[in-house]
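In what follows, chain A forms one complex with chain B and a second complex with chain C.
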Partner chain A sequence: MLNELPTETPAELLERDAADPHVPEQVSRGFWGEAWQRFRQRKLQMMSLAFVMFLGIVALTAPMIAGTKPIVCKYKGSIYFPAMGYYVRSWENPIFRKERFRNIYPKNLKKKDPESWAVWPLVYQDPYRRVRKNEWVDENGEGRPGNPSGTKGSPSSLNWFGTNQQGFDVFAQMVHGTQIALSVGFVSMGIAASIGIFIGALAGYLGGWIDILLSRLIEVVMCVPSLVLILALVAMLDNVTNWHLMAIVGCTSWTGIARLTRAEFLKLKQMEFITAARALGANRWRIMFRHVLRNALAPVLVPITFGIAAAILIESGLSYLGFGASPPNPSWGTLLKSGRTAIQQMWWLIVFPGTAIFLTVLAYNLIGEGLQEATDPRLRQDSH
Partner chain B sequence: MTIAKLSLTLCCLLALTAGCSSSTEAPPKAKQSEEQAIADESTDSAETSETEEAEAAPSDQPFVLGNAIVDFDPPTLEELDESADWQDNPVLDSEAQLRKELAEEEPPEVSVEEALKLKNGPPGNNKKILTALGVLADADGKNVDYDQDFVRHVTGDLKTTNPVMVSSVTDFEFSDLSGLGFLSFDRHFNYFAPQNSVVSWQTSKDGLTDKMVIRDDLTWSDGKPVTAHDIEFSYRLIMTDHDDLVIPAVRQGTDQLKLVKAYDDHTIVYFHKTALATNKPNMIFPILPKHIYEKTLPEDPSMKRSKRHRELEDHPVVNGGYTLSKRVRNQEFVVKRRESYYMHNGKQVRKKPYFKSVRVKVIEDANTALLALKKGDIEEMLLRPEQWESQTGDAAFYKHNTKVTAIEWTNFFFQYNVESRYFADKKVRWAMTYAVDYEELLKTICRDLYQQSQGTYHPESWMFPENAPKIVQQDLDKAEDLLDEAGWDDSDGDGIRDKMIDGKLVPFEFALMTYTSETGIQAATLMKECLDQIGIIAHVKSTEFTVMQQKNLDHEFDMTMGGWGTSTDPDSNENIFATGQNRNYGQYSNEEVDRLFKEGRKELDKEKRAAIYAKIHQILWDDQPYTWLFYRPAFYAFNKKLRGYHFSPRGPYNYSPGVSSIYVPAERP
Partner chain C sequence: MTSYLLRRTAIGLLTLLLITFLIYGLIRAMPGTPLTGDMANLDPSKQLSEEALERRRVQYGLDKPWYQAYFVWLGNTLSGDLGKSIPQNDKPVATLIAERAPATLLLSVTSLILTYLLSIPLGLWSSTHSDSVAERTTSTLLYMLYSLPSFVAALYLQLLFYVKLDWLPLYGMHSDGYEQFTAAEYAWDLLKHSILPVICFTYGSLAYYSRFIRANMQEVVRQDFIRTAKAKGVPPGRVVWHHAFRNTLIPLVTLMGLTLPGLLSGAVILEQIFVWPGMGRLYFEAIGQRDYETIMGLTLMFSVLTLLGQLLADVLYAVVDPRVTYH
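Right, the complex of A and B next:
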């Protein structure tokens, strides 16, 4: 890097730029631009980011990748999007229930309206049930065999990642499980970040008795074990969903973020630009959340990223132990759980979800590490 | 938890999952295990309750032995003999009886050597293995290797060695191995008095009194004689109300007796409240040595706290064929053969127990247990269906073991809370029954190993009706029509059926409670899928056994999955289906059913009784308080060195001779 240093003195440079009208004005990239510049230089971190983005696309389009409901179909003159039912049940038009389709679309569409057409997901498999024999008939009029059950469901052309003991397709479960893995991470850390940043900002900026109170609150919450809370919740609720798990993980894992935010605020509020903002008449909230927060955000992003990885592990762990969302819950942890009982026969129930969990958690950790290095000047490689 | 509730919980623990009979003809758990809930993987859930009791402060209440017995002035033995018109009952050696029965059956199709080479899978092989390896020891025991040990498997730890305080399946295991019975039943549920402990057993003509004369060569492990006074003392102890005395599992049934009285050292008389066909199981209860406990009980009615009781817990005085020799908490207990059981004054007076010692190992996880079995570390275990089907067909399993299956009268079902707003209407319950995809359930989930259920009694039982209900096939159209008729339709067009109840539109959305085993979750998930197809939302809630049990007792459910084993008498179903009964979790009520149960109990003629219970079966089927799903057979693995095992409708152990006929032959291939 030393070789790249300009050989001219600053005075000479200024003189030259002023004299030459063709030299463009140098615009500073800013903190985030600098951070991104440094982040993108790291191959592993960029690959991780790409992987997470890929998972995001898979999660968003899961019903289009694997499902037994058409993405779009024309039925009795109208256009419908039955696959939307995978997102929210009520988004699937009730006409198909009234007409007694019973979730078997291929046969019933043709039978009840020969003029109908449909665009199907990439893979005709369902994460919530076993595909039965002759449910799908190909162009030659040949019925497709049902999914194998028991230990016979090894990976095949119809079941790319095999099936579990009940005959549910593992690939379909993994694709739909991506939604759970990502949403658990993002939502729980979204909740944790909102609470943590708000509490930390208040404590750090306002100080005094508010700081003392909020710091004690942080310490109290740190003592609450999230696992015990989750188990209690699972026992109390009739229908445990992943949203419940996300809420609890989020509500109990904000303390680290709050402490970090508080420390940053304590440091930043002493800076000259804050004094300047105050002198200009900016109110307390504007200073806190417009001037201080944006400068405190970088170090806070790191624990959030690591927190996403931890949340995914918690959800997988809970599902593995049987304390996750109510069945059928196509979570990667649930797949691992079903593989545990037949580990010697059904390797595909361990390898595929295990790899997915490993790679996703690794990716988030690498991103977190990359962010840390990119945003913390002390850790910059080029600073040495 | 009240005593009543606790005892119910305990009953549910006496699961079919574990064997429980004795090597010395101890009392099989006829009474305690009447209609046991299927605690698939929660063998020791009563532990909590017991611990809670133990931690409570001692009560100031004075200890009065037998204070729960209703006043009754018994006649003298002479008066009784004069008026009773005694009818003799069988006094048998159950193994000899079984040997006689087997001799009348077809001989084994293959030799032992051939049977040991067979793999259980192809049709017919099960019968070949079972008949060849079920061959009993010679009557004189000359072909038995008496120096062998037997390593058994249980899923929970031994909590107590005191037979009166049993609370878990493992407690019963110990109690059965170390205890002596005075009444027992065979694999056909016929009651008899065991020859090794009883000289004669008579019932009065009016059925109100039973008289037994016990043998004079019975001894406790401390050398003192076992007498009729020990039986009376134990009865009085069980019928004692005291805050510190928690004897949850043994009181049920015993409390139906009017009195038990010892007239001399060997004559014991049981007085019944009424002459019922169901009186015999009430006479089965565990025995404690009077000479020890009459001194220790007044100072510590809890039987747990005092130094002497703690010593007795570690070194129990027993009257059966085996005595405790080692106990490692959460790992194992070992019992060794007791010479003074079968030898008296230098002479062998009863059958020598076949094993030198029985080691009972605690392995909670079924997969770990299977690995131990394959390695030869345990020598028998109850297999899960998935283990039977896919994990026990390899050479590693057949190196040391073989496996057998047999019919068991164990029934699984979905139960409705008929007081719930969803399931009060019979049409809705029938709609549920028609909604189940039985083919998927039986072939995919149950791996084609189970038989579809046709109601509460098993098709092979004597009370099953001749005009049996027809097997139900899934019929979603019919289910939807029935729901429409019952007023459950999708009035707001959101894809979920609903109904106006008390001016409010109620969607058909409820929690389906199930237990945490694989089959339980899979069956409930299938039901959810089926109901989703007809516009009903079911949330599957897999629930830990004790929580589920409590919710059942409190009727806090809409629909729950469950299973019942069988007792020795169909009358025990009254507890499940009669109005207001303890285990009528679904609050089902039908006056005719209530009446028929009462009638069936009083009727002593078996054929007439069969007709009564068949009628109950039909009424229950028509009312569908349950959607009956399947009957589960027994699946067991045994080490290849073992012989002499047979099955009753309660599995291979819980009858006489049960495990006491199992032995290792002196000469093995």
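Right, the complex of A and C next:
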């Protein structure tokens, strides 16, 4: 894995040198450069990567895409950014609460300060409340109708993906739910990867009774039905937040990573470069995490990518079962749950969030597979 | 082999002990007890007095700390008694499991058979027709199916076949009044109810298995003995079936051992969506009701099956591959 062969055959190299005698001395690509080169050649995988990046942008800019608070506004001589309140409650300037805006910005801005101006999100809808009648008045002075509630909120020009039973806009909920889906995937797998790599590294490199103990631990956690573990931990909390869920999912899904890391370490610690590092007097932590881990990282990244997809699935599944974060929680799984109770009438509560979950999971799985093929030298000849 | 089996069994028993201890501590730490679960739903006049509640707590051993209660449970289990479910009116846990198992087995065994019947031809076909347009489309479709979460698929199928087409029932295992049905009507009714759950149970593993078979086949067909077989004029179908496929059976057999626990564990979310009275739902209900004995019974069963499955996979590995021996 260390000594990558150049992709060009010697004959090709000779040919090129003959054609152009002034070839500058080429710096050969490193392992990751090579892997990226191979990953790039696959269209579906690149599309998935682009899709995940797109989701990342949507998640980061969610309040600017759908919300009822201005991104920027000038009010009584000062500039404010009320949309920041969607990220953290306290980032919304308290002046708006003091002056009794009650989250209805368009009318109040005009009424309390005729000089004010504001830049609005692309879609005037809120993931946490129902937009009421005449909240938004367009240039012709006509008030916009409120969101329909009950089972009547089918997709329309105002509610692109419809509304749920309480009249909350589904599009706004899905845009804000992207934050949950992505952060659940990254944070919980970050936790799982840290635990898994640490335990796997210790077990694989140190061996002996530490290995026996840790392997037993891995096996025990593997055999415990993860749902009992998760549901029991969720039940112990009074007010479940998405951060709790991430921690719980992370602490229950590290076993696969640990096993793989252990196997890689067992294999790599026999290699000459480790002996060399030891001969140079490097201590074992340095060898484990600077020398061995670097070379074990590529195969370990693959289950992590698949794990992100699995974590997103677990979160939406838990939200579907009603064990997700406490409301208000615009998670995709919560939308599915409210769709299930009204499956006869409200198809839009199932189709849109379902597609979002499917595409996200698919994208991560494709990236994981692309990563596997790009970094595993044994699969090289298979790549099509 | 015998000493290997003995060692594995000993380690397995130790693991079981650890798992049950851990889970027992965990479920006892959940707020509420099996007695309080019912109380909230009862009307106040029927609620038990403090003394009566205390009597029942002593009767069921809930007054003891969990580590003591665990050893009581362990002792009972070792003597073959899985205990009684308190919220289910003291029904023995073993009976409860036996009642629910057929519903889950109906789904899982049907889906397992379907998976093997479909994925082997599909995997072989795609390995012999690799790089054709049809094969690539099928592979991509299968990969997409593999990534489609089963609960999303279940909801989509319900939308299509119940809401839109009205061909199949929404959920449940029987229609109302099925007690009066004749045998044929009963079977037809059961079939209609189980089509959607079986599809949801099957498609994911179908996609996984056929990809698995295809990947293994691609590795095998590069071997020298395949070239030899082709060179000496063996017909192509025979090369695929007798020479190549037989050599991919080893990983397939291992995979079979690992599906053992899945046969009985059911799928909590799917059974919840289809209101299917199986093990997954039992599990979910038991956790909601703090039904300690039932959770422990089910956990024990799943853990035993998981460990047995792993052991079976390793043993089968040695059986089908003469190069592998255990000491």
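Here, the second predicted complex is superposed on the first by the 354 of 384 C-alpha atoms of A that agree within 3 Å, B and C clash if a C-alpha of one lies under 4 Å from a C-alpha of the other, contacts with A are read in each partner's own complex, and residues count from 1 in each chain.
The criterion applied here is as follows: a contact is a pair of C-beta atoms (placed from the backbone, for glycine too) under 8 Å apart; a residue touches a chain by one contact, two chains touch by 3 or more.
It should be emphasised that the depicted structure is a prediction, and the values quoted were computed from it without experimental measurement.
*Asks:* Let me test your reading of the model: by the given contact rule, A:235 touches which partner, first (chain B), second (chain C), both or neither?
*Replies:* A:235 sits against chain B and chain C alike.
*Asks:* Mind working out whether A:321 is in touch with chain B, chain C, both or neither, as first, second, both or neither?
*Replies:* The answer is second: A:321 touches chain C but not chain B.
*Asks:* When the two structures are overlaid on chain A, which partner does A:341 contact: first (chain B), second (chain C), both, or neither?
*Replies:* After superposition on chain A, A:341 lies in contact with chain B alone.
*Asks:* Looking at A:97, would you say it contacts chain B, chain C, both, or neither? Reply first, second, both or neither.
*Replies:* In the superposed model, A:97 contacts chain B only, not chain C.
*Asks:* Once the structures are superposed on A, label A:249 by its partner contacts, choosing first (chain B), second (chain C), both or neither.
*Replies:* neither
*Asks:* Which partner does A:129 reach: the first (chain B), the second (chain C), both, or neither?
*Replies:* Touch status of A:129: first partner only.
*Asks:* Tell me which partner A:62 touches in the superposition: chain B (first), chain C (second), both or neither.
*Replies:* neither
*Asks:* Quick one: classify A:224 as touching chain B (first), chain C (second), both or neither.
*Replies:* Second partner only, chain C.
*Asks:* Just which bits of chain A does chain B share with chain C as contact spots?
*Replies:* 235, 340, 343-344
*Asks:* What residues of chain A sit close enough to touch chain C in their complex?
*Replies:* 44, 216, 219-220, 222-225, 227-229, 231-233, 235-236, 309, 313, 316-317, 320-321, 336, 339-340, 343-344, 347, 350-351, 354, 357-358, 361-362, 365-366, 382, 384
*Asks:* Using the touch definition from the top, list the residues of chain B that touch chain A in their complex.
*Replies:* Spelled out, the residues of chain B in touch with chain A are 367, 386, 389-391, 440, 444-445, 447, 476-477, 480, 490, 493-495, 511, 516, 518, 521-522, 524-525, 528-529, 532-535, 537, 539-542, 544, 547.
*Asks:* If you look only at chain C, which of its residues touch chain A in the complex?
*Replies:* So the residues of chain C touching chain A come out as 11, 14-15, 18-19, 22-23, 26-27, 29-31, 131, 140, 143-144, 146-149, 151-152, 155-156, 158-159, 162-163, 170, 218, 265, 268-269, 272-273, 283-284, 287, 295, 299, 302-303, 306-307.
*Asks:* If we count contacts the way the header does, which residues on chain A are in touch with chain B in the complex?
*Replies:* 89-90, 92, 94, 97-98, 100, 102-103, 128-130, 132, 149-151, 165-167, 235, 238-240, 322, 326-328, 338, 340-345
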